[in-house]
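Below: one structure in structure tokens.
Chain naming follows the written order as A, B and C, and within any one chain the residues start at number 1.
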Amino acid sequence: MEILVLIKQVPDDSVDIKLDPATGAPKLDGVTPVTNAFDTYALEMAARYKEANGGTVTVATIGDDAAVSSIKECLAVGADKGFLIKDDSFADSDPTAKAYILSKAVAKLEEINGAKFDIVFCGREATDVANGAVAVKLAADLCVGVMTDVIAVDPADGGVDVQQQTDTGYNVIGLATPCVVAVQKPDYDPRYPTIKNKMKARKAQVPVITAADLGTEADKVGAAGSLTKVLGLHEPPKREAGIKIVPTKEEPIAAVVTRAVGMMAEAKVL
Amino acid sequence: MAKDILVVIEGADGAPAGVSLENINAAKTVADGAKVIAVSTCENCAKTAIEYGADCAYVIEGPQFETYNADVLADAVAQIAAEADPAAILTAATPKGKDLVPRLAAKLGAGSVNDATGLELDGDKIKFSVPVYGGGIISDVEIESPVQVASIRSGAFAKADPETGKAGEIVKKAITVADDAVKFQVKDAVNEITESVNLEEADVIVTGGRGMGSKENYMKLQELADLFGGVLGCSRPVYEEGWISRAHQVGQSGKIVAPNLYFAFGVSGAIQHIAGMVGSKYIVAVNKDEEAPIFDVADIGIVGNANEVLPLMIEEIKKFK
Amino acid sequence: MNFHFSEEEQDILDALRDYCEKEVGPKAAEIDEEEKFPEEARKQLGEMGYMGIYFPEEYGGAGLTYLTYIAACETIAEYCATTSVVLSAHESLCAWPIYKYGTEEQKQKYLVPLASGEKLGAFGLTEPGAGTDAAMQKTTATDDGDHWTLNGSKIFITNAHYADIFVIFAMTEKEKGNHGISAFIVEKGTPGFSVSGHEKKMGIRGSSTSELIFDDCKIPKENLLGEYNKGFKVAMTTLDGGRIGIAAQAVGIAQRAIIDTVKYDKQRIQFGKPIWKFQNTQFQLADMQTKVDAARLLLYRAAQAKQDGEPHSHLAAMAKLFAAETASDVTRRCLQLIGGFGYTRDYPFERYMRDAKITEIYEGTSEVQRMVISGWLGNTIEA
């Protein structure tokens, strides 16, 4: 099985990111770039699939040089090779343009690997912009089937059976390969890197693939190839500041609760 | 807006989801005189949608629609769109809706957004407000393709007051989806969670976090929820500990909720959790850690042990009931 | 002396810190409260390669430096003192003597599974009547031709219930005192060998501390570790390394106490301002951090000397003495700065204090360290 995992580097999603009023852009100083959490689940699922069924796992991302660190992280936790897809013309690409770039990248990587991919794993969405469209649009560009919210992938006749998480459990979905799956958090966590794999990954080369390598058309990438446009960013409406009560000797916890419930009654929420 | 807006109605057992009815109202805010047209595979849902403000409805008919298949529905809605030539297609930002949006957009060669919390008319386009970076920032997005496809978060808009028995044209469309448009098959639907939990439509949610300490303590929240006919919510660690099923999880990886009253007991307030409940009208938080981020969004915060406060609060609230 | 870690070593230590932050720290309170052995962390640390971090790759290790190993012990101790001692008892006290004194066959058979984290190790020297005074060993090993027969018991053995491989000391010629002790490798499950009881300790409560009993326990002839009657040297050189691991544990505990105290004091408002703003708080913490950094320098110096093959008994003793007493002092003072909440078990400060105390006692009490240091002084300075 040839497996491709598409990842994205995003700002650490455990940090509360605010708008910088001076620049109108997100304040990202001191926020560590990390691999999108859903992509780490996708890689873990892909690695487990490979370990059970054989094959190789290739990782790729569209990004700048900083994204190499995410590729190397992936190489330490189950990926066999990694590629950076980088070009100035790719800046400001929306999901439609990214899907186009990735569809070209799939063909290029298949040429480099000398084999067709059977499954393309993605995270269900990126934790930064959370659009959740790239995987589906990529599948459309590749003319293959796609399933979202996937929590398990198993081999089946002519393809794979995947579990799609639902509100009440999961659907069993049959997909012919090649296919794309967009992964939701399964009931296991991604592995931690072993020292040996970490050292190997540090030394790994991450080849760069450019627009020229892919043969992307200029009007289909970047802002020109995008169908959505960000007009601007702003802060969400602020909640009115509430009250925080700390019990004291004079007002022990029981009295605090009485006062709090009184306030709730006044606010007519009871 | 000169062209009409299609609203794809999600429904189960002949009743539309509440968020789909909210979507009709959302569509009306930007329709600018054009029609808001409900699209459904269920006639009853279409009727209800009209009562809640849709001008008319398409009911999709055909044997392929008996069980849900996203590829089938996306193709059918695309066929309707080809005929109706709408300005926008809206649906609910549920797991199904968020999956449908990009499928539909791909078929229509359209741009799309998921999880919009606001819609505003901006010339002949809609400006969609979309929370990014876990909700700390709102991105205003315009879709430049002729058709704009979007899902809208539950609680972002209110439902209209229904007009019982309101007339509206219902057009039945018998649709066949070509085999090559359907690229997967649904082999089985497994129900692991048998209880029906409707967090999104609950008026009151009582959520417990890891701070409850144990499953036993967590379950004591039920008594408080029962006082309001409310629903139990949980944070991700609580579900992962196995104290309660995933159906109760509030947050980015669970349900996005906006009840009238939200209790958070022993919830520290990770960004992912807050993103899921910050839309609540009134928030009461109890946490022993004075610096817990949950207090930043709470209307009333009590610094104290959640297990100690819970019985006291139940007793106090009973006095008002 | 230069203690800079290479970029690669720093990367490994960062990865370990990330792991500890997510998996070790959050479980430390539970491990303590329920006296629960950190089984999962031991398994994961093994899989990741940290249970054999400084042994050569050909013996299943990760091939990093001793200094990196010591920094790893320190990092883990910052999150959970119990988990740290599980690792250091395994690596310093069991895997190391096999690496240093073992035959090639012994290394293949025992070091490889230990260093790869597949099996857990322990070390048995202390007896009811032979703590600091190792020559008072009552456990005996008799040469019965084709095997050794062990009789006696060992107490306070770290990892006892969970270990697979034990390095055990026994008298082979009692009349010769220290020169009649030999070291042996004993496998779990050997007939006549059993583990009994569970010490209820003040701190590091998740670590398994129990008694080993040898009742006509027959072990193969080839399980003699090092030379016959040279066990005392095996024990002492092993403990020299072990002490560096314990010093690392002490530094980690103390550093964590300071970090958590500063965090708490910045939030806790009294008399209208965060208590961090009071000069008493600031100065005390400044003194404490200075002591912890001094301890860390002693620690890294000892580790570097061991790594370079230089004499280091006295350096290890100084590092352990100072780090252990610093940890006890710092954790006690941190608790005092926190006040009443610090004394409750809702907060970790009392645990830090309890965990710190053992570092003054095991693998040689502070008094033993003073003996080692003064002995070195006496030997190196002429009258």
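The rule is simple: contacts are C-beta pairs under 8 Å (C-beta built on N, C-alpha and C of every residue); 3 or more make two chains touch, one makes a residue touch a chain.
In this text, all values refer to a predicted model and were calculated from it rather than measured experimentally.
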Chain occupying the most central position, where position means C-alpha average: A
Strictly by count of touching C-beta pairs, the top pair is A-B
Rounded to the nearest Å, the gap between Cα centres of chain B and chain C is 54
Quick one: chain A and chain B, Cα centre-to-centre, how many Å? 22
Cα centroid separation between chain A and chain C, in whole Å? 41
Going by residue number, chain A touches two or more other chains at none
Two or more other chains touching the same residue: where does that happen in chain B? 290
Note: in the complex, chain B contacts chain A through residues 71, 95, 98-99, 101-103, 105-107, 109-115, 122, 127, 130-145, 183-194, 247, 252-253, 260-261, 270-272, 278, 281-284, 290, 293, 295, 297-304, 308-309, 312-313, 316-317, 319-321
Per the touch rule, the chain C residues reaching chain B in their complex are 267, 346
Chain C residues within the chain A interface of the complex: 8, 11-12, 15, 18-19, 23, 44, 47-50, 53, 57, 62, 64
Flag every residue of chain A that touches chain B in the complex, lowest number first. 11, 13-19, 26, 94-96, 125, 127-133, 135-137, 139-140, 144-149, 161, 163, 165-176, 179, 184-185, 226-236, 239-240, 242-247, 253-254, 256-258, 260-261, 263-265, 267, 269-270
Could you pull out which chain A residues touch chain C in their complex? 192-196, 198-199, 202
